[in-house]
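Two complexes follow with chain A in common, the first pairing it with chain B and the second with chain C.
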Partner chain A sequence: MTSTAQPHSASKLAYSSLGLLIGLAVLIVFFVWHISVGAKSLEFSTVLQALFQYDDSQFSHMIVRELRMPRALIALVVGASLSVAGALMQGVTRNPLADPGLLGLMSGAALAAVLAVTYIGMHTMAWLPLIAAMGALLSALLVWLVASAAPGGATPLSLTLSGAAISGFIGAIISIIHLLNQDTFESLRGWLVGSLSGRDLQELYWSLPWMIVGLVGAVVLAPSVTALAMGDESAAGLGINVVKRKAQLLICVVILTASSVALAGPLGFIGLVIPHVVRMFMGSDYRWIVPYSAIFGAAYLLGIDVLARLLMRPQEIATGLLTAIVGAPLLIYLVRVRIK
Partner chain B sequence: MAKTSLRIQQLSTGYQQMVVKNVELDIPDGKLTALIGPNGCGKSTLLKCMARILKPMGGHVLLNQQPIHSTPTKEVAKQLALLPQGPVAPEGLIVRELVAQGRYPHQSLLKQWSKADEAAVQKAMQMTDTLALADRPVSALSGGQRQRCWIAMVLAQDTPIILLDEPTTFLDMRVQVDLLNLLISLAHEHGRTLVVVLHELNLAAAFADHLVLMKDGELQAQGCPEDVFTSDNLKSVFNLDANIIRDPHSQRLMCVPTNMPAGAAVQNAPLAQAV
Partner chain C sequence: MVVIRLFNEAFSTRFRPIGLTLMLAGLLIWLGLVAASASLGSFNMNLAEVWQTVIGNAPSAQHELVVWEFRLPRTLVAGLVGALFALSGAMLQNLTRNSLADPSLVGISQGAALAVVTMVIVFPEVSGYWREVSAFAGSLLVALAIRVVAGKGNSLKFILMGIGMAALVSAITSAMLTYGDIDRAMSALAWLAGSINSATWSDVKILSVATAALLILYLVQARSMSPMSLGHEASVGLGVNINMLATTQLVTSVLAAALATAVVGPLGFVGLLAPHITRTMVKTGPANFLLLTALNGALLVLFADLVGRTLFAPVQIAAGLLTSLIGAPFFIWLMLSRKSQL
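Up next, the complex of A and B:
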């Protein structure tokens, strides 16, 4: 026999690594493109100069560094975090519809943030990622408890239904708070549909360490996600402490989701769509799916945010609306393709 | 294969309720042990507890004299592999990726894919005749092919002990026989210790070195098929009226239910003789 049985044949390894490099190149181009777009369009070369040879006497360099780069960085980390969170959830729950939005984590994080801002009058961002994380964790546990109580336990179907119900319920609570507190809510309205505008670097710094912990954790735990995707008993047979590992992965997902929500509000569909697209090309090995999801999720949100600012110039569409407008048909397309 | 031992002492286990009661069992080394019994008798439950997936409610499972449930699970996974019932591969996973999963317990963050991993995967795929399927998605294979790939994954784990939960259920007779031949060769030619939950009584009697008969969570009989596979035992465990006969060609034992209508077969010269 001539064929060798490596986990990835040499050609697949080359193909996967090449894809990762192409993804990185696309990401860099989108990052620069994102910064170049705005009220005043900038040349790519100006953006690169501002990034690498900063000259504070040049106004355009100040625009890049002070105004546009924070937004681009936030789009990058939020896109990466949300799609990695979605990939982990889909693998562990063996549910192709798992996503931080659909399984209630996002609405939980949003509710916690709304409560903190509205009733505690929190105006500093420092604690917001943590508070959002508590909300995400609580709603995730609630979704899981409700799903487990269903006959047959926490199946993909019962989890999805329970996630939809609890997301709807939390959405209603947020609306009630909205109605009762019209004034304080004005400042939250844009954030609640998902928006990247008006953030500064300081807010990014409060979320970034959490996101790095979550992303590193995801990469480290990725091999066991493939095993968990084969079922709890198979994973346990391979020497994985299933309960402990799922708890660690849940913490990663909660951290990634909550810090993203704290930065950009609940941006839907990224965690759902990107891992699906990645799997179409990469198969089911989470060693590859996790880094691919991070890179393509980041590039995707950068691209969406460019469109959000270009489509109705000089008006801006809330990024969260656009991720849904683009993401929903993409999801329907994916479902149709995969059902065939 | 290195000498290992798997002993079950006074073991009781179950889910909310106790399903397996007070089982005492020594798994013979380098042999194929088959667990049989009626539906719901606790044979799969017992296997899961032997594989440390279920915790004991009483008693112990001892792997090389150590309680398996307090040994680090990754260490256990280097000694004992499990093929669960009806495993499902994630969509899109190709065969060689599935088989490579078997190397999980031998890897760590710093020690990723090694020569030994590759050799083990290659050998496992050779033994199960799955090399030709290496690049196909698992979901696109037939039931028998798929099961051979899962067995390859378990083999790649390279453990002296392998537990399999109903590996032949829902497969064609021919495929069942092929799989059991593969398993028996693993025991007899490669010195692996196998414990298999089986549904098909005649296949269990034909292939097992050691037969374990369970009823209502308790061990009814164990030993070689000659001693265990008897009319009396089948009656008391399965409430099945059956004659045990010996196939004149293979000398294997098989059971033939007696409460069947006498048919054309009776008129023809009977090949089988009652024992």
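Up next, the complex of A and C:
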């Protein structure tokens, strides 16, 4: 596609493809496991039957199809989208701390969604991903503007600090809107800490097209991310229109983040954790990092969501809390090791 | 210029006339805010009625109830926690030589919150003073953890790691709330937003004793704060026992933040704002600086609480939300106006 792509060596190709297949297998196992866990535990075989030989006279098949499969599908697409968004951000900005949550995109998307639901009285999910995308784009630009104005420019440190301050500010505004509109807000409360419960397939249908656009865009643009990760000059030298390509990538990131937030609320740190883990195995070639992030991100969120329902049965921990408990120590570690 | 020298100059400080004037002005504003806070609310009364109630001639039992049971303790608690958070922030900034440090930003207050929530959920029958003790233990643990992982080096790394720590600790706290009984969780939730509305006289008692004791501890350390702000080498050269001072500064800073958090929950950005307001107001000796900072913190939180409960009445906006609304843009402004590179 672009001249930056080097030919794969045969062994590397075999190794990487094998890894991708293993990832897919893990993903499928986690998907079935996710569906089997719940108030009524189901056998793996029952889950598979319900998925492939649906029999609507069987109660457990109904549970699988109507209640549990939507949640598993949402965990899958949201995990994939957020991980890919994080991978793109880390590559393009050469910032190991880049993450849709840390750099303020998620809180912007959440604020836009809250405003739309509370003050415009929007009850359909149809336009929510688009509205959330506006918010994410605005807050991303704001975070970037503030960080660039800081002495030393938009370094990982200044970007993350400005992201934290702006997220804190937006968080306070959301809380105040919450207090002033207790009734309309009841439905949003669980959503705001990042939760996968109580979603139905209809909501997935509204977000899914956007996510597919974002994911396909990420795969198509992945080779130039590899070049951009080496520096803007190198990328320009390789014949990439840096500004245009960065704008395209920003749109991908915003779409992926916003449609995820619209579906599952702000689930923090997934976009930070997965790309770092993937890069440990895959090196710096984004043609592989992007699909790996998608598959392992999906498996990761499925796994976390299983834990969220298992750890404190019969209660359920909000999924976003668990992703933060896993991700925040990684943030601390990265700041310690990777920031000078 | 007033110079105070005590204990063979172990304690010495100077007050410029302008510093003293500002303190007097601050106290007058505080009195004004207290009066406003006692008279405004869903049950409105004029200042004369408030005064009559305070001196013991309440016009009605209702006046007495509202002023003595609800508004006065709340007003006093707001001032006291504001002073404590401000002092904690001033000390933390001096210790880390970092003008962006704030106990609620780097997770120290959240550590207190986690410890208290854990106590409430795991040992609901134990309460009272254990709340303060566990708050102190929790925030001390977080403070030590940040110091260990941050090590030496860029002071902004310390802030960023603290932000990570705060995210981790508050996520664990929220997860604990999922586990707990729903009623207890709901009351803990209001507390975690930094709300002062449930303040009682016993809170006032604990906090005023603690604030008085801590203020003395802070003033004793005041003299060594100036060399500390010049850097570690310079302080050692000036005869400061730096290891001991760093320990006492950390412990006193954590104590103040933990006590305040135990009563009202984590109140963001007060420890960041108050010392900076003082610095822009006047250049003065460290003891005067600390007193003015405590006063500014008190005014800030009292004001935030007053605005929060009257602006959208009957809905009450927790004071912590308002301090975050003011504090976050201020944090950005501080970040942008730094001279050194980030």
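One rule holds for everything that comes next: the second predicted complex is superposed on the first by the 319 of 340 C-alpha atoms of A that agree within 3 Å, B and C clash if a C-alpha of one lies under 4 Å from a C-alpha of the other, contacts with A are read in each partner's own complex, and residues count from 1 in each chain.
Just so we're on the same page, a contact is a pair of C-beta atoms (placed from the backbone, for glycine too) under 8 Å apart; a residue touches a chain by one contact, two chains touch by 3 or more.
Keep in mind that what you see is a predicted model, and the values were worked out from it rather than measured.
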{"item": "Partner chain in contact with A:91 - chain B first, chain C second, else both or neither", "value": "first"}
{"item": "Partner chain in contact with A:231 - chain B first, chain C second, else both or neither", "value": "first"}
{"item": "Partner chain in contact with A:240 - chain B first, chain C second, else both or neither", "value": "first"}
{"item": "Chain B versus chain C as contact partner of A:166, first or second or both or neither", "value": "second"}
{"item": "Partner chain(s) touched by A:39 [first = chain B, second = chain C, both, neither]", "value": "neither"}
{"item": "First, second, both or neither for A:180, with chain B first and chain C second", "value": "second"}
{"item": "Greater residue coverage of chain A in the superposed arrangement, chain B or chain C", "value": "C"}
{"item": "Chain C residues within the chain A interface of the complex", "value": "100, 149-151, 154, 156-157, 159-161, 163-165, 167-168, 171-172, 174-175, 178-179, 193, 268, 312, 315-318, 321-322, 324-325, 327-329, 331-332, 335-336, 338-342"}
{"item": "Chain A to chain C touching residues, read off their complex", "value": "146, 149-152, 155, 157-158, 160-162, 164-166, 168-169, 171-173, 175-176, 179-180, 193, 268, 312, 315-318, 320-322, 324-325, 328-329, 331-332, 335-336, 339-340"}
{"item": "Contact set on chain B toward chain A in their complex", "value": "48, 51-53, 73-78, 81-84, 87-94, 96-105, 107, 109, 113, 117-118, 121-122, 124-126, 131-132, 134-135, 137, 154, 157"}
{"item": "Touching residues on chain A, where the partner in the complex is chain B", "value": "1, 3-9, 91, 94, 96, 220, 223-224, 226-227, 229-231, 233-234, 236-241, 279, 283-285, 338"}
